[in-house]
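Chain IDs A, B, C and D follow the sequence of writing; residue 1 opens each chain.
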């Protein structure tokens, strides 16, 4: 099987990588991280709109680091890669992935096409028919802290959403331990503006979102079923979850404030420390801490603090990530490292830029 | 009684006003609003540290609007005022207020000295003995939407905190109507940095809080007992409240995201519209709205939207104010207008600065 | 104060006003200021794209202040106005203005259509033929500090650009006095992002311009010939000017740093104070000052400081305005007040929102 | 890549490094970069105020990367180092450096103690007597693009200021080539707030500097004589320089806009490209470019563009750096690499964090 052959090759060779749709923030973040990744050879980056243009002309920060030119997304060229990242809008990857898998290429989709297991739920939330529902079951949800072993051998990884990453990492220990009433969990989440992408959108002008704060999508956001699905995998009961996202006037960062009603007494700090003791990218902070998003700016870490205000029965979990790194491109590279038997932290050892 | 005589004088005369402690953000906001208030004569503004310095030298924005010079806080001079605002740190007003009241001066304290009715609770949260606990019962909590009539005749008004204003206005209709489980209310609040004041504090440098987001005081914040007290006044049951404040990298604005579990079915939109139909400063937005903090920047309004995501049993209320205006100086002037028989909106008719 | 003027004004008739193109930042700023202007009756606001939609639905900040609905730009309806403001993109007003003038309507154009006197220069910089070059000579350049008397009687006022307002006010005293070498003036200007408008433009996303600073249009910006024209009106020599604009990661505000080589010794502070002593909206600050843009946020003032570092022959002038107020809508209303014999400061007495 | 260098480096000995005064922004930036530097062993970091506290407790971003505890600045312990960085306030290093040099330790001072060659000038601008004026002549000004060879063998390196780095790199090619009138150079510079340090200072609160822009120190800033000195080293004429710094509401980044009057015709683009063709950290951008500060965020690069607006005789150079990296800690590490025969770019290969 082609997949295994490629897999074996890795002891000696670099992973040949392609990126489809590299003109957004997820794309440039992938490029930033891959440019200094020691185990990767970047073969192709595609963009229909920018084909022929040097990548470093679009992204000044990549001058001197990335020599590639955007190309048309030609299947033949992508088929020469060991791995293709999709950094495309929702609904694009599902049209190209079957062909690539057939050609023996492994895929990590940073969009939402393969995140939900149930095609009916996917179609309800994304408002279009799914182009390859038969792959939804095979796709592995790329949260290494939950699915590390399946990721190693996956052909197709669905890279988690940014809010779902911060929320799931914050809630998993509680749900796994059966420590909270799962009928009324609550995720009050806040994101920097880069989460909305690089497309021309008047609502995301600095003149509109600078110096202001607001909630959005309170009636329903696509990350709600994704978070619920993750928690239901580990819970024995159906999950009742309220999810309210907000927009913060900053560029990067997600802060999830997570609430649950405890159904008993237990050492929360110990629970979290135990759960994540072997995780290279989850940092359980000391009791009483308040992680700040800048402490993970540009890095693949999630920092978590767990509180029980006034010793009551409400647990409050604070979970921060960089939406573009652990919430997108960094986690994708973590998944790639797992898939290609590289050390999991390879290329992800940066220190956060703070201040 | 001196108070009534002053009160009667108002048909013809301007209200003579003094400000104690005018060098902070609450002070400059009071000055901004009073400078164009048609019914007020600003007599004195005190500051021990800046005594002798023209106010407009400290606050460039007041050049051409305020001619006063900071003076020492001399009781005799303040006693000539009809009303004194305290814009001082917690624990200052309580030392001067008894004397002023005795001299027939009415007082609005923008700090926390008179906000909690129970001296033991006050001392627990503010960490010092109260200098005049006997006044706590007389002090009227200055939330006009709740206590309008008592404010009119009050000698001493405790101006509410910023988080408590946004939270109470958002939750009152639900609690008054008995519509939610009051044992598990939740206020996830977000504030701009001006809420932390103008004092030299390394933690509030732009280098520290710019481009970052974090929660703080999760174990317990002084506004928790204040919100709880307000809700308990109107509830028949004790209030269980979780309150988590966060810091937003912007200067002004508070966004309260409020959660409660509904204990029955009712028309939430109608409930809110009815509750606030006569309120000049509370704007219940249309169904499905997401108010943004900039829409109340510099004005005394609170905008509220009420949601019931996916028709479940969780109600989500979004409530925004400007922390320095409706959350401090604007509300103080609204209270002053009530106390001195001026139209309640006098001097508060500005349109928000947006963008 | 505002209140009393309103009453006086009511004895006479209100100015009937229309706005063409009210969906941008200049439009909403006009609405903010006109909503509380005591001498104006707002009759119509037009927008092809938003026709039929309530203004306050687009601009949340106007809820409760503006009841109008956007309408199609129908000439008949506009012809009922005493004054029409154009807050349209460049090239729009020139197509409608001749007809309106003929109908006896006076016009203030906030775009650039009538700012340059020479049609050839206009066409060179704006890249299109001018639709009514015969009006360029009649149009009065609406800088009251320079052209107050002509503005009073003008049918057509060309409201100055934002950079030109800040730069001209800063340089006029020097050029009028013949105090500097006019062959090598320099304007290093910095603007907040609202100057780029409310149109969907990926380059102005907060993800692009937040937390970053850059120059733009160094090879040539349309405000260069406008500033030069103004200075040449008062100079006896041709003006050599280098103009470099920059983008600041904030929403409002312009800071012009202006440089000239002194050709003799004179008391610069006295020169500036004398030049602007009767100006209601120009504030010459004390020697040694550094005005900050926030001190004019939302108000029609220009604050200026003049320096001569180390007593050398270089004069450095610091000039700040709010680009949407004195740099656009506020100045337009100042012009309107002059044109309709209202007190020049009517509706413009606000205090800057600071912090 | 970093990884491979690390292995090579391990064959030789690591440079033993100490940091004096590591609690400011320069300190944490040094730690960020040294934590992943493959040729360095961090031995000690001192702070009188934080002695005994783990570094990663003060700087959350360093959790998992730096295990050190702040210690008292004991000369004996520092004497065990090969190199000591001073990240202290001005006036501190000069008291400790002579003793360290005597002990055979090499020193890089990131403050200003050794930047000016002339003790009288130093004392005039820094307002105190110099503790070891005899070392001023020996100290090498650590701008590798000017003094690379002297740095290699220096015992004591004066790391340049942030404004001087951006300004000198932008002006050097012009001055070296004799291309401009050196009697009237102009540096209009803009800096993010981290340049002001991490000390408690009310003037740098986000409430004070957020959403505002201003110039400061126009009468005279300490970086003026430093820039002038550098330019005079390479010029045959005395330098006349006007330097005006401004504060930008962002955390990191410096943009220098530099002006000079050309005294002849020459190919400016070629001049700059030639001058910097072998420099690893100076990127001359294509003609017509406008570098943005975010493109160097967190990296040691300086990006430069050179313009000649409308083909006139004024040259405009745009030069951007990160004030904490190339403007402080990054350049210090570049100097260290030179001093210890490491590849000049070791530990400085990061890609800028953009967005």
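The rule is short, and it goes like this: a residue touches a chain if its C-beta (ideal position, glycine included) is under 8 Å from a C-beta of that chain, and two chains touch if they have at least 3 such contacts.
Everything numeric in this text was worked out from a predicted model, so none of it was measured.
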**OP:** Return the chain whose centre of C-alpha atoms lies at maximal distance from the corresponding centre of subunit A.
**Re:** C
Original post:
Comparing A-C against A-D, which pair counts more contacting C-beta pairs?
Top reply: A-D
Subject >> Separation of mean Cα positions, subunit C and subunit A [Å, integer] >> reply: 46
Original post:
Just curious, how far off is subunit D from subunit C if you go by their C-alpha centres, in Å?
Top reply: 40
Subject >> Distance from the mean Cα position of subunit D to that of subunit A, given in whole angstrom >> reply: 36
Subject >> Where subunit B touches two or more other chains at once, by residue number >> reply: 25, 194, 207-208, 210-211, 249-252, 291-292, 294, 297, 354-355
Original post:
Within the complex, which stretch of subunit D touches subunit A?
Top reply: 1-4, 25, 28, 31-32, 35-36, 59-65, 194, 210-211, 251-252, 283, 285, 291-292, 294-298, 301, 303, 324, 349-355
Original post:
Mind pulling up the subunit B residues that touch subunit A in the complex?
Top reply: 184, 186, 188, 190, 192, 207-208, 210-216, 218-220, 240, 242-244, 246, 248-253, 255, 257, 259, 261, 288, 290-294, 297, 305, 307, 309-310, 312, 314, 316, 318, 320, 354-355
Subject >> subunit A residues within the subunit C interface of the complex >> reply: 25, 193-194, 196-202, 204-211, 249-251
